[in-house]
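You will see chain A twice below: alongside chain B first, and alongside chain C after that.
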Partner chain A sequence: MSARWGWLAGFLLLAGSAWASEDNYVAATRGRALAIAGDCIACHTAPGGVPFAGGLPLETPFGTIMTPNLTPDEATGIGRWTVDDFARAMHEGVRPDGRQLYPAFPYPFYTKVARADVEAIYAYLRTLDPVTSRVDRDTMPFPFNIRAAMSGWNSLFFTPGAFKPDPQRSEEYNRGAYLVEGLGHCGACHTPLNALGANKASQPLQANRINDWTAPNLTNDARLGLGSWSVDEVVTYLRTGRNATGQASGPMGEVIAHSTSQMPVADLRAMAIYLKERGTAGSTAPSPLPASDARMRTGEAIFIDTCSACHTSTGAGIANIFPRLAKNPVVQQDDPATLVRVVLAGARAVATAAAPTAPAMPSLGYRLNDEQVAAVLTYVRNSWGNAAEAVSSADVQRVRKVLVSGK
Partner chain B sequence: MNRTTRRQLLSASALVALTGTAFGRSFRNGLPWSPNEAYPPSPITPRAWQFFSPDEVAAVDAIVDRLIPSDDLGAGGREAGCTVFIDRQLAGPYGVHDGLYMDGPFPPNPLPSQGLQSPVTPRQQYRQGLAALSAYCKATYAGRVFASLSHEEQDALLTAMEKGEAKLPGYDGRSLFAAIYANTIEGYFADPVYGGNRDMVGWKLVGFPGTRYDYRDVIDKPNQPYMLPPVAMQGRPAWGQLP
Partner chain C sequence: MSRRLPRKAVVIVGLGWTGSIMAYELAKTGLDVVAIERGPWRDTASDFNIGTAADELRYGIRLDLFLRTKQETITARNNMSQTALPIRRWGAFLPGNGVGGAGVHWNGQTWRFLPDDFRIRSHMIERYGEKIMPADNTIQDWPVSYDELESSYDRFEYLAGISGKAGNLRGQIQPGGNPFEGARMREFPTPPLKQGYAQDLFTKAAAEKGLHPFPRPSANISTAYTNPYGCSMAPCTYCGFCERFGCANYSKSTPQTCVLPVLMREPTFEARTECEVTKVNLSADGKRATGVTYVDRNGEEWEQPADLVLLCAYGLFNVRMMLLSGIGKPYDPNRNEGVVGRNYAYQCGGGATGYFEDAKFNPFAAAGSLGAAADDYNSDNFDHGGLGFVGGGSMTCAYTNGRPIAYHPVPPGTPNWGSKWKRAVRDTYQRVANVGVQGSVMSYRGCYLDLDPTYKDPLGRPLMRMTFDYQDNERKMSAWMSERSNEVVKAMGAKQTQMSRLNGPWSVVPYQTTHNTGGAVMGSNPKTSAVNRYLQSWDVPNVFVMGASAFPQNAGYNPTGTVGALTYWALDAIVGQYLKNPGALVQA
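Up next, the complex of A and B:
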């Protein structure tokens, strides 16, 4: 190689790293905060792997997708992507080679993220150490391995376009809406899915089952949603993983650990205001089962003997340690999957810097059979002012099968 | 003179340091936890005897039923499953004093604070002790064994064993009595999951509430009866079908 070519190569290398230079420090720092709000790390990190290097198997009803490497490695990451490539993936769900991304990557939400924020995230990702992490990106079975089929899906369910603030609403409300509907992609889990895996636009944030967890209703409904929580209580929950009512565990615990507990309180407050002001929706309350019902009597006996020592006999719980069951929206969701799971397998609350204790609920699956779990949950869902459909032993059997097989 | 060399001291320190690392673990972000984690005792099913011979069963049944006779207050030791409980305990780790330091020296007259001082395991204690009791009964009661004695004879013999007055051939009758007496009480009041205390009979007798462990609702109500029935690890009848 002549000296001149060497010089040119050096120049190109410098140009390539320009996004990571100090000039971009402000953008990269802002991008880091935005990447936290988007919880990118949760999906783009393999268990025990390097953050953002991808390789997490994402289970979808249509097959398993391996998440790609977001570090700036040229061969296996997005090192060759330009900022325009990155923006196109975020806004349109299309790779630089023109092939479609699957909506397991939440581009139907990220399309709302402002171009300046996308650029900041890009600047941040460029500052990461490049990691060689080759991920098999073609694990979907036929016919879902035909990525072009996503064009049809997009025409049905994908509305591209930037976020449009509502001028009638406060700045905080609009900031919250931007975060919830965009980077936060709360609806990916909390909005019901249709048969083709798209979030039902007609039922936004009205609860969904995902991997046998119930993602609860996030409308302002008093029984099912956030109606019984103040804005401050929502903020406390997102910031610390707990509030006076309950504790986060499972997938929401992970969201809180990686994302919301590290977000600015002003943003959490904006999200809480948006969620609480955007309205109320959900099923109407059934009449609670009478205490004389045989399931209620069995359930009460099991509850008094097994649960009341922590959750107390009136279902009031102990603030910040043992979740309150009375008038707790999680307890009254239409789908009892989370409740069944927590009773069978136990649960571990998320540990955050603000609330590091992380109390746990013991597993009771060895001690209670399916009928007994159904009875005690039916009792909890219909006592102390709660009202929800009875839990059947078939519900319990289904979740137990999933927990035993680990899938 | 035996002196510690510098080399010995350094090797010993290194060994301690290495051992220390081997046992030291640090946890971040909360203690380890995994779903479905539980260490339940396996419930006893009254199938074949695991340690006792039929003759030993007959003798222990007779003894536990004299220690806790059936009466109008409730079932006796045999009916409550004390013999099953003792059989399963002897078949398990307790039978060989697993976990106890079982090497000598064993002082002949230990202080009470020195606890158990004997190389004899509970299995040996029962096997040898019951054989000695059988031989003693046959010699003393014209060929009859303990189980075929009258209640009065049984009570008199047990009392003599407790006082150390009955001289069993080759075995200390007092220590045999002490072992069965202690194990009978354990069987009568341990959780039914271990084979004794059938239907929580022992707990009902004394008013023990079982595995329920929170009494904030009743602690401020002195001199009022506690109405809830006892509950065992496997539940109680009000739970419906037991797992």
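Up next, the complex of A and C:
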């Protein structure tokens, strides 16, 4: 920079704080990155709709909620919200009119997000083009349509309060904890729910079923969780959608596409360190079924015919293309829902800039009956060092019903 | 009346190998690129499901992936004295249809032409004198040398992850590779496929006869591979469903596996499928393309203006597009003038089939380009003195498939049906090995493409007419090659052998090979070539024409490796020279 312009830059720096409210480019840019970390776009965009304009039907066990419009449209968006209104929604789950939000909006997590970060996200959302998108916000059936009832829920399950770093742990660990427990709201999917739809505080990140996908155990358990992956492998998975073991598809594929693949590697690393250092929990491994078991014999025959061309006869898979099945935690979750769903309906891996090839698992539901699917999955869950409960044909029948009926 | 769309920087006609590479590389520079493809979208995950991809009846027999004659066909005749008739069912060759083009359903044999092939006219005359050149030939040197193309060959091979063994690394002959090949700067990206028992027999027999066998370069790849674009592939499973099929295993190099995953992420790229370009529009003086006109799937006509037009359709259809649009002077064989349609060539077969007594070849464990080859009788790798022909071919012992409907070889003399035929099929299936020849075809004054005077397509445009037959040069070459093949098959231990012959006039009916070349050939002289050394039209410099239509004559190899190399070669000229200063890159 020439000296001629140097004085001007200095002047602008001095003036910067005064201009921030008018032209807060830095805050908005930071807010955009934070909105990506929070994956706001995933829920607040209707299929094929304008980003952040809301209208996605979110299915919960209690009814369907339509997500609101986050663009600054005054009539249908959050154009009239002040930054304090926004912070209150994020931190307390309360709208400007004082009515409760449902915890499908993950304010139990966002309460941990620092006020400065909330303000940055707000600043970013203000930069979006206002979109007129009226969303019916009252689609929940009785009695869940009574929003005031949420204050009871909150008193039972919601602990407001900012994130508190653990001074005994590294800065990276605490950064990771802040992201995982806050904006990342990983537990919303990966922590089991109680009967009232609250994440069980006693079993954090210990796997959960959501829309017939298994959100796997994210503790450091070697069989079920991240214990067999290095920090780098976790980072690679979040950044690219795949690693030496497997590939993301389904809801996690969407999280990777919209969120983690666009996050800074340092943040992904912090999250990986936190997840791997926060401990181990999960069921004990059952003894694997013997190869002589009738289900194993049937399963092996189906596997050789139908699966081995891609996943290979030793379950090793092919790097970057076909997931490894041997010692793959996803394969050994207590709940086989993902496996059943993927065999019946197929799945497609997420494509990312770093790993653009998005291979597909074909749907096999048309030619394998419930017992055959159960047998082949039982075989996969109990071979090559894997150990997990057998899959029953009732498990398969249940998921097939859901897939066929669409609900 | 067509409606005019907003201008694009680049319009690409056809989204196969050449179109997808061009589209990606140009979109990456930030240019707005649209590819217009008359066939459907095709994608491995949605179209080539492992459970249904290996359906021989649907794909191998009913030809699901191929162009329908209703979409486009040609008329054909053997010589100028005949009246050409339309091909009503594709036979001798099968043009592709849809995104990926022929790059979807090819076998995957990926060769580099030999250094001599690029200056075959000069070379043959220097070595043997004018007298060796066949009657009425229009053989001409390429305007580009092997050395100039080497890095472009390399880029295509690394894009596609080709499996093979180098025979000449920077001038050093490598054991196990093809010692006749031009020097390559580095090894193949992936090692050769595993060879079968028949290939082992061939390799041993050929070596004993003093030949130089090696594993054939293959786009059915041997190991997992991620290409420089970041696209990933899986190893071939030797299922033997390659040619005519989409690969469900991500093992065959195709635009789908190697380019589309990154191309479709480019924000400035758009693909319009099921849209047929009807002509390239020219300015009033005919010296500049203004864009293209196309008809969409609803029959509505659109004009797509563009600064640069790339013809990336199948070679034959590039030639027709030029003829229909008035780009370059049509070839007139009577006056031997004009360039568009000139030097159409093909590929000629040959070889010998061996029937063995105790062998068990397992032909079903196959891949489209699995095979052991020898190049001793290709190009001018052998002394042509006294043989009476120019050219040669690669010789290969291969199994591309052992599929149940079409693969049932029987010994000569077997009835065509009934219980004796069935018994022969059962007894012979495991005991047949073939040594086949991929032979060169030279170019001749009377072998060419032009617009048919009678027949038109549903849009009222004249069909293209193909005038072609094998000439004496090719017939002699093929017969001689079949004898050489027969010697090798016998040395492999066959108890009975049968040589293939080019009998009678060339026929459009039985399948032979989809290696149609020429018609818009590249050259240094605008009087004998339609495009310059950068595949740029001499007459309309903002039109470039990709594909095998640029080959001045065909060599003794499959064409795709050279098509890929020419694409990168032209791309470098477009990005490095043309875009900076649009205009003719070579002064006529």
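Heads up, the rule we're going with is that the second predicted complex is superposed on the first by the 385 of 407 C-alpha atoms of A that agree within 3 Å, B and C clash if a C-alpha of one lies under 4 Å from a C-alpha of the other, contacts with A are read in each partner's own complex, and residues count from 1 in each chain.
The criterion applied here is as follows: contacts are C-beta pairs under 8 Å (C-beta built on N, C-alpha and C of every residue); 3 or more make two chains touch, one makes a residue touch a chain.
Source: prediction; values computed, not measured.
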When chain B and chain C are modelled together on chain A, clash or fit: clash
Which of chain B and chain C A:R297 touches, first, second, both or neither: first
Partner chain in contact with A:I321 - chain B first, chain C second, else both or neither: second
Contacts of A:P216 with chain B and chain C, given as first, second, both or neither: neither
First (chain B), second (chain C), both or neither touched by A:P103: neither
Contacts of A:A355 with chain B and chain C, given as first, second, both or neither: second
Partner chain in contact with A:A309 - chain B first, chain C second, else both or neither: both
Comparison of chain B and chain C by chain A residues contacted: B
First, second, both or neither for A:L344, with chain B first and chain C second: first
Contacts of A:G365 with chain B and chain C, given as first, second, both or neither: first
Clash-bearing segment of chain C relative to chain B, given 57-65, 129-137 or 273-281: 273-281
Set intersection of chain A contacts, chain C complex versus chain B complex: 309-310, 348, 351, 356-358, 360, 362-364, 366-367
Interface residues, chain B side, partner chain A - complex: 29-31, 33, 35-38, 40, 211-214, 216-217, 228, 231, 233-236, 238-243
List of chain A residues in touch with chain B within their complex: 297-298, 301-302, 304-305, 308-310, 312-313, 344-348, 351, 356-358, 360, 362-369, 371-372, 375, 403
For the chain C and chain A complex, residues of the former touching the latter: 44-46, 49-51, 224, 226, 229-235, 237, 239, 248-250, 257, 261-262, 265
Chain A residues touching chain C - in the complex, by the definition given at the top: 309-310, 318-322, 348, 351, 353-360, 362-364, 366-367
